[in-house]
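You will see two complexes here that share subunit A, one where it goes with subunit B and one where it goes with subunit C.
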Partner chain A sequence: MADAAPVTEDELRRLSEFLYRRTGMVFTESKRYYVQRRVSDRMAVTGATSFASYFARLRSDIAGEIEQFINAFTVNETYFYREEHQLQCLTRDLLAERTRRRPRSDAIRIWSVPCSTGEEPYSIALWLLENWAQVDAYDIEIVGSDIDTRVLGAAAGGVFGRRALMRLTPDLVGRYFEPLEDEHWRILQDIRDSVRFTPINLVETAETRTQGKFDVIFCRNVLIYFDDASRRVAAENLYENLAPGGFICLGHTESMSRISPLFDVRRFNDAIVYQRPERPHG
Partner chain B sequence: MPLIRRGGGRSPPVEDNGSDPERLLRDGTSDQRWAAARSLAGQPQAVDALGGALSTESDARVREAILTGLARIGTPASAEAIVPLIRSEKADVRTAALDALRLMPRALEAHLTTLLKDAEPDVRVLACDLARELPPPVATRLLCALLAHDAEANACAAAVEVLAECGEASALQALAACAERFADVPFLVFSANIASERIRAQAPARDG
Partner chain C sequence: MVDAAGKRVLVIDDANLVRRYYRDALERAGFEVEEALNGLEALEKLQDAVTDLLIVDVNMPQMDGFTFLKALRRQDLPVAAIPALVISTEAGAQDRDAARMAGGNFYLVKPVSQELLIEHVSMLCGIGP
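Right, the complex of A and B next:
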């Protein structure tokens, strides 16, 4: 990492505003170290000798710097079968409701956003194969999306280290992964073919609309990075992306009720989830 | 083992419902009005269309989208379109309006001076709560002005509550005067004293 001069208060504000307008993510003075470290990294990579020259490069999006800059600010650490209780809820309750009045062979669509390096959408695929008796009766389309285009490439590659697999039994790893060198494993081609990865900015309505409607959305631990206004926009986007009666699962510290009144709260044995009403509230 | 058969899946995109959102916002179905409000969100030239629709919209979902759209515009004009809703007799409408106004503190400031002098005490109480979103020096100035003159104990109590959270040392004199003016209202004297204590305790940290 280059030892760039510390960003000033004004520079931090300009950077934060730029990032906010692009992503809805908020970085205040309390995150100065986090911002400084990433700006220094990007300045080193791009060869910028001052904040002013780097910021000019960023605003002009030279060599796709905006995308690289946003990628540097996203958090990507996760693992398979994280918050397993929600996966239990998916197969015990959510899919039972979603398929109750639908013909077999119908399409069931599940969205993992943000999907990071693929652990969550692949977890959903494995979980369904292992735990949902009707898995062969429906076409199940799983889409993984993230604003960080770097991680999408890694997600499609499907290679994971030991830490990402720590919650999976050796039996599951043996049946669904092929071992590589250096304590890494690649998830089987059939599973990789079951998940489609797309770049998405959750606060850009034109982008989220391209994904169509889903039966279940997993949107965990991302809304906490947005300010109140961006959270509302994201919530309305997610509402549009749910089929009427569809469900959305948030992270365990998040509550849609504090963001938007558009959704109903549903309490199941394994999880609290939010539902787009079959008909809009009057 | 693949979960999806060849040719399956792929839902069509979510439709944005046409190219004349202002007309659809007035005359469309609720789905069309929802989509139209979302299409106009954040566009300063759409304030009149969104504000006009807000005053007549009966569908809570569409109203929510209009409020988000106006909040994203975030100008005094878009705040002005929302302000009348805080007088609504329906609690959910008032709450929705207040939530939207909280998202636009810079635009809100232009209206708070007036709202804090409103003839209706309930509006003044709600306005005090909105002042919480402003920078502490601005909130302190506006709420102290209310404390100096407001005859309604509940409005003053609302101002005191906010000052206890974000008031600056310049509020101490107004709080003392308020406690004196309402000497026969024990809860308000108590609240004003607590607020003063908190401000004194926090002042060194804020100044530092």
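Right, the complex of A and C next:
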């Protein structure tokens, strides 16, 4: 593919504004190369001959270009059992606390957002099967959500390459995956059926509200892409998606304390986790 | 390791993860496993499959475990006598009684560890340690 003409400063600004309004993600001058590459790709795919014609196409959302464009900007690579210490924390502390005073008939709800191609929500399912002694005693509802609708299809398909499985033992791969050709594996149907996938934009309150309340939310390495204002909106939305006393796990470099005062910090042996208080802070 | 060769178990539970959890334990112990998502589906599967043991959850959509067992025990067919291990979240004496009245042979309260499951399945299949 021939490189399209470089995006000018003004064009970059217009694109960034557009992306920001749609997703809350901020791309400044320092990310110019990153933006340029993705715009060139989309221009090539759509056959746009100039930035102006591409941008017109984008703004009019011709053939769903907005979604395609946003998809091109999300980062998708991850792997099973990433940040295992948080999964340890989930079964040793978080679920113990969440199940202490509740009837068995109440479902345990866990949300993985963004879930990318499914590694995280499926990891949660595998981890619970392997490490939570109460796994058969509760209805467990795992929901995986992402703004990138392309990855959700892949997630539901449940096919993974060697890189995604690198942290799993051969025993786990043997018991929970069926081998396909070309170094790929498909996670078993029971596990695929135990995760529900939905599209979500974390800064769209109308969308997050439809997901209901969760006991535990895994929201790793996405808030770092937001600016302060959208980060705050996302944090408030996540707060609303937690049951009182529910927990949220962020990426290990992220801190909720710097984003929102709504949450309590909880330090467990395996991880630092944020909690929606049983009663709002007065 | 028990000698489970050839023994077939039908796991009847609506929760995907629970079926996977039991199936994983059973297969590693050498049992062959079939699954059904509720009592109705189990009744259909039992028409043409040879089964040595039923593992029956209680609360399921469409047909619960007790209704299923009653319907099964009423049948005038060999399948009516297949032993059933009822696994429930309810620990009360009245729940155990209800399970026995419905036709359950043994009752376990969740959570059931994989070891405990294999111990009871082996016992009910007549496989001694």
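The rule is short, and it goes like this: the second predicted complex is superposed on the first by the 279 of 282 C-alpha atoms of A that agree within 3 Å, B and C clash if a C-alpha of one lies under 4 Å from a C-alpha of the other, contacts with A are read in each partner's own complex, and residues count from 1 in each chain.
Here is the rule we use: contacts are C-beta pairs under 8 Å (C-beta built on N, C-alpha and C of every residue); 3 or more make two chains touch, one makes a residue touch a chain.
Keep in mind that this is a model prediction, so the values were computed, not measured.
By the touch criterion stated above, A:D190 is placed in contact with subunit B and with subunit C alike. By the document's definition of touching, of the two partners only subunit B reaches A:P261; subunit C does not. Judged by the touch definition given at the top, the superposed model places A:D139 against both subunit B and subunit C. By the touch criterion defined above, A:R104 reaches subunit C but does not reach subunit B.
Applying the stated contact rule after C-alpha superposition, one finds that A:I217 touches neither subunit B nor subunit C. When subunit B and subunit C are set side by side, the one touching more residues of subunit A is B.
Judged by the touch definition given at the top, the superposed model places A:R232 against subunit B, while subunit C stays out of reach.
By the touch criterion defined above, A:L129 reaches both subunit B and subunit C.
In the overlay built on the shared chain, the residue A:L95 is in contact with neither subunit B nor subunit C. Residues 125, 128-129, 135, 139-140, 188, 190-191, 193-194 of subunit A contact both subunit B in one complex and subunit C in the other. Subunit A meets subunit C in the complex at residues 104-105, 125, 128-129, 133-137, 139-140, 175, 188, 190-191, 193-194.
Put simply, subunit B touches subunit A in their complex at residues 1-5, 8-16, 30, 34, 38, 41, 58-61, 64-65, 68, 71-72, 74, 92, 96, 102-104.
The touching residues of subunit A, counted against subunit B in their complex, run 107, 109, 125, 128-129, 135, 139-142, 188, 190-191, 193-194, 205, 208-214, 228-229, 232-233, 236, 240-241, 260-262, 280-282. Within the complex formed with subunit A, the subunit C residues making contact are 15-24, 28, 59, 87, 89-90, 110-113.
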